[in-house]
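Below, chain A partners chain B and then partners chain C, in two separate complexes.
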Partner chain A sequence: MSHTKDNLPKEEQVHITSYKDHFSTLIALLLLTVITVVISVFGANLRSLSVFTALLIATVKVIVVAYYFMHLKYDKKIYTWLVLIVAILFVSFAVLTSIEYLNR
Partner chain B sequence: MTSTALNLNYLQAKKGIFSWIFSVDHKRIGLLYLYSLITFFLVGATLGVLMRLELLNPGKDLFEAQTYNQIFTMHGVIMIFLFIIPSIPAVFGNFFLPIMLGTDDVSFPRLNLLSWWIYIIGAIMALSTLLFGDGPADTGWTFYAPYSVKTGTNVTMSVLAAFVLGFSSILTGLNFIVTIHRLKTPGMTFLKMPLFAWALYATSWIQLLATPIIGITLLMIVAERVFGVGLFDPSIGGDPILYQHLFWIYSHPAVYIMALPAFGIISELLPTFSNRTIFGYKAIAFSSLAIAFVGYFVWGHHMFTSGMSGPARIIYSIMTFLVAIPTAIKVFNWVATLYKGSIDVQPPLLYALGFIFQFMIGGLSGLVLGALATDIHLHDTYFVVGHFHYVMFGGTGFAFFGALHYWYPKIWGRMYNKLVANIAFFILFIGFNMLYFPMMIAGLMGMPRRYYDYLPEFHLPNMISTFGSWVLAIGLLLMLGNLIAGFRRKREKIARNPWGTGITLEWQTLSPPPVANFDRMPVLPKDGPYDYDHKPEIKE
Partner chain C sequence: MEHTSAFSLPNSGHNRDAEASKMGMWLFLFTELLLFGGLFIVYMVYRSLNPESFLLASFELDVAMGTFNTVVLLVSSMTIAMSITAIQTGNAKKSIFLLYTTLGLAIVFLIVKYFEWSAKIHHGLFPGFEVYDNLPPGESLFFFLYFFMTGLHALHIIIGGIIISVVIYRTKKGLVNKEKYTLTENAGLYWHLVDLIWIYLFPLFYLIH
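The block that comes next holds the complex of A and B.
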């Protein structure tokens, strides 16, 4: 359960993440790591999709960490937008470079 | 504490070298950057003059081809990484951002000091290649692979220096973003923030997001040189075009790290010396963000002749034209600000006007290079050298000098000789255009860049260019000599608002400012930072 220090004025209220949320984040990250390892060991026949799959799982892990552990869920929406813009930028770098490489 | 002690200015507050090099006062850190930057600028400028001397005549004049390669690489590394990238944010951003926001320091003062120390360590590493190892790198400041992977010169130390310098840039950017979000004085919203702060905000995001990419790329060069991992060298399975992608993903946005703060300076100078509000405040503010954002997607225009794919070249060419739109918005708004203004021709305004003239030449020649068809002919010619010196030196360099003349009385509480400053400007302006315009002509004639020697038909533009470098050097020495002489002049009390028409918050405090920046609460103009109709009255 999450709660706030209600005795503070609204702009100074601090959200404190509960142990349950932290522990759930840990479990999720461990599970995703196990899935990554399992796929890399047993899913060798995925060929080029193995890179895509590993990136996909890593992305889910990033979202879990940013959302719960780094408090994005409880922060102002502007911070979610900022993180999204950064993510869009980095995906654009990769996509534009890949398009160039694949059309060479 | 008495009010006299509170008003003790930051220059008098503490004495001794340690009170400077370990100071966490943003104003002192700004000056530490200024003195370091000017030192490196003079080294870089000397190397530039030496290059021009060698190119005065065809054939060997002064040194061997290999030495020439090393000199132009050092010139580029020093001017780009040690001078122009940190220049305006590190000096004037550090000094004036907190004051313009009406606060007493940046969000992380210790991190601010750390970033200066990291800068100094990076600078020592870069300059150490002159003395140790196998001599300075001979690759050009771009460290293009696979040559940078194979050359026997001291590339490893040079790229590690750039890597370290990147951390300084990231920390400064981070500090400014948090400061702008968290420390604005009550009543100052984003849309009541001075345009210099907007420019720094956009710049800081680029510093924060793009610099890590060059850091990783440079480490990949080291990994390739030391371990032979085969990332960029085609003979061991690498892709040299990948290096160019990674390098320019950072280095094109870095062009805006250099240019955006200069735009911010011009947006401050023009209202002050036109004595009227800026034209199109929101357009200028948001165009900074637009330039920062669109600037991320145009890096491929540096690579049109690299052998990259045709569709990609077309995409990058279109994107390049898009970035011209917000840039042109700024220029039109600046000119509109001057229109019907009550213009006071002072040295800083001359630099601002010089900036607009030269930046326009740089910007428009950039469109020639952004167009795929013309770039194929002009790529790697002296046209490119002329173009980027017009943008970087004629633009950012002149804005830097303009800012130095504008805020000089505020920073040091003294005034320089304005007549000498005006003369120095005109010598600089003439020297600059004599030096770089013939380069564009030589480029159009087909003279390739980075060459030690050239054909006799390129002699005339090269000769004029070298003469121009001497005029420019005289102008620079006169300008700096005049500023230094300003310290030695008899101290007179400098008013809080020595230009009379400054409106942003730094003109409400003492000259030089007290340690805590303000001796009384700054008052915001009613309708935004350039509201000349409701300009707060400033009492001495």
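The block that comes next holds the complex of A and C.
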């Protein structure tokens, strides 16, 4: 009854991320962090732009963490869909709150 | 059990379901995301009401310490992800070493946080102190949200540390191994969530120059 991971059907196979790939992901995340800090510290006179860029870069970092570290890339697509649904729920609530506030 | 059955089902004893465990963990993470999400919306509304005060108050925070802690958390996210690779390839020793590294980084994060908080508290910027009570309303709101949100986040770091310790213990006992590593994976997912929240907290509190 013992079957190795290799002869399982394709969707049952486990993807093992290499150490090298994890390291590359970290380098990407560190680079993005450096960019955010540099923009915010040296772009102080572009205030509104720096907030927007900081949030944009943060979102890119979150996507990288979720996709590679949290394994969404290799997991069943249902997880990605669930994450998207929760993200849409949150963003729409945030946007509706700001519209409500702006129309006061 | 009083009586044992005369026959056993083909899969008796197989009460593990890695996929269901992972799904359960993700569903829990969604509730966490919405908990912090609500706080981010509170932050957003109060900040749009008091843009200047939030900006002034944010200058009190130490960007260098915040950046250092961001790097610490990102590295710890990598080490816990690598500990999963290690256990999947059957290298329990390496997995334990990487989990200890993650735990160490969690402690470094908390120590830095301790120094940051004590500096603010020393300056009386904590709710209940005279300096805090006499701040313009917008600035006290900033510090209130700063302490509440980073405090809740630090609590998650502590809980994450406890979970990682449990994984280390169970890996040492051989209960987590090459065939059964769902616990390591779920601890990893939780730890990454803690990292994700910090990725937003950091620019919103430290970098709004």
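In the analysis below, the second predicted complex is superposed on the first by the 93 of 104 C-alpha atoms of A that agree within 3 Å, B and C clash if a C-alpha of one lies under 4 Å from a C-alpha of the other, contacts with A are read in each partner's own complex, and residues count from 1 in each chain.
Methods note: a residue touches a chain if its C-beta (ideal position, glycine included) is under 8 Å from a C-beta of that chain, and two chains touch if they have at least 3 such contacts.
Quick caveat: nothing in here was measured; it's all calculated off a predicted structure.
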Looking at the combined model built on chain A, do chain B and chain C fit side by side or clash?
clash
Look at A:41 in the shared chain and tell me whether it touches chain B only, chain C only, both, or neither; answer first, second, both or neither.
second
Quick one: classify A:86 as touching chain B (first), chain C (second), both or neither.
both
Touched partner set for A:31, first chain B, second chain C, both or neither:
neither
After lining up the shared chain so the two structures overlap, which partner does A:95 touch, if you call chain B first and chain C second: first, second, both or neither?
neither
Please tell me which partner, chain B or chain C, touches more residues of chain A.
C
Check whether A:103 is in contact with chain B, with chain C, with both or with neither, and answer first, second, both or neither.
first
Common interface residues of chain A with chain B and chain C?
86, 89, 93, 97, 101
Considering only the defined contacts, which chain B positions touch chain A in the complex?
209, 213, 239, 241-242, 245, 249, 293, 296-297, 300, 307-312, 315
Mind listing the chain C positions that touch chain A in their complex?
19, 22-23, 26, 30, 33-34, 37, 40-41, 44-45, 48, 55, 63, 67, 70-71, 74-75, 77-78, 81-82, 84-85, 88-89, 185, 188-189, 192, 195-196, 199-200, 202-204, 207-209
Could you pull out which chain A residues touch chain B in their complex?
85-86, 89, 92-93, 96-97, 99-104
Which positions of chain A touch chain C when the two form their complex?
14, 16-19, 22-23, 25-26, 29-30, 33, 36-37, 40-41, 44, 47, 50-51, 54-55, 57-58, 61-62, 65-66, 68-71, 75-76, 79, 82-83, 86, 89-90, 93-94, 97-98, 101
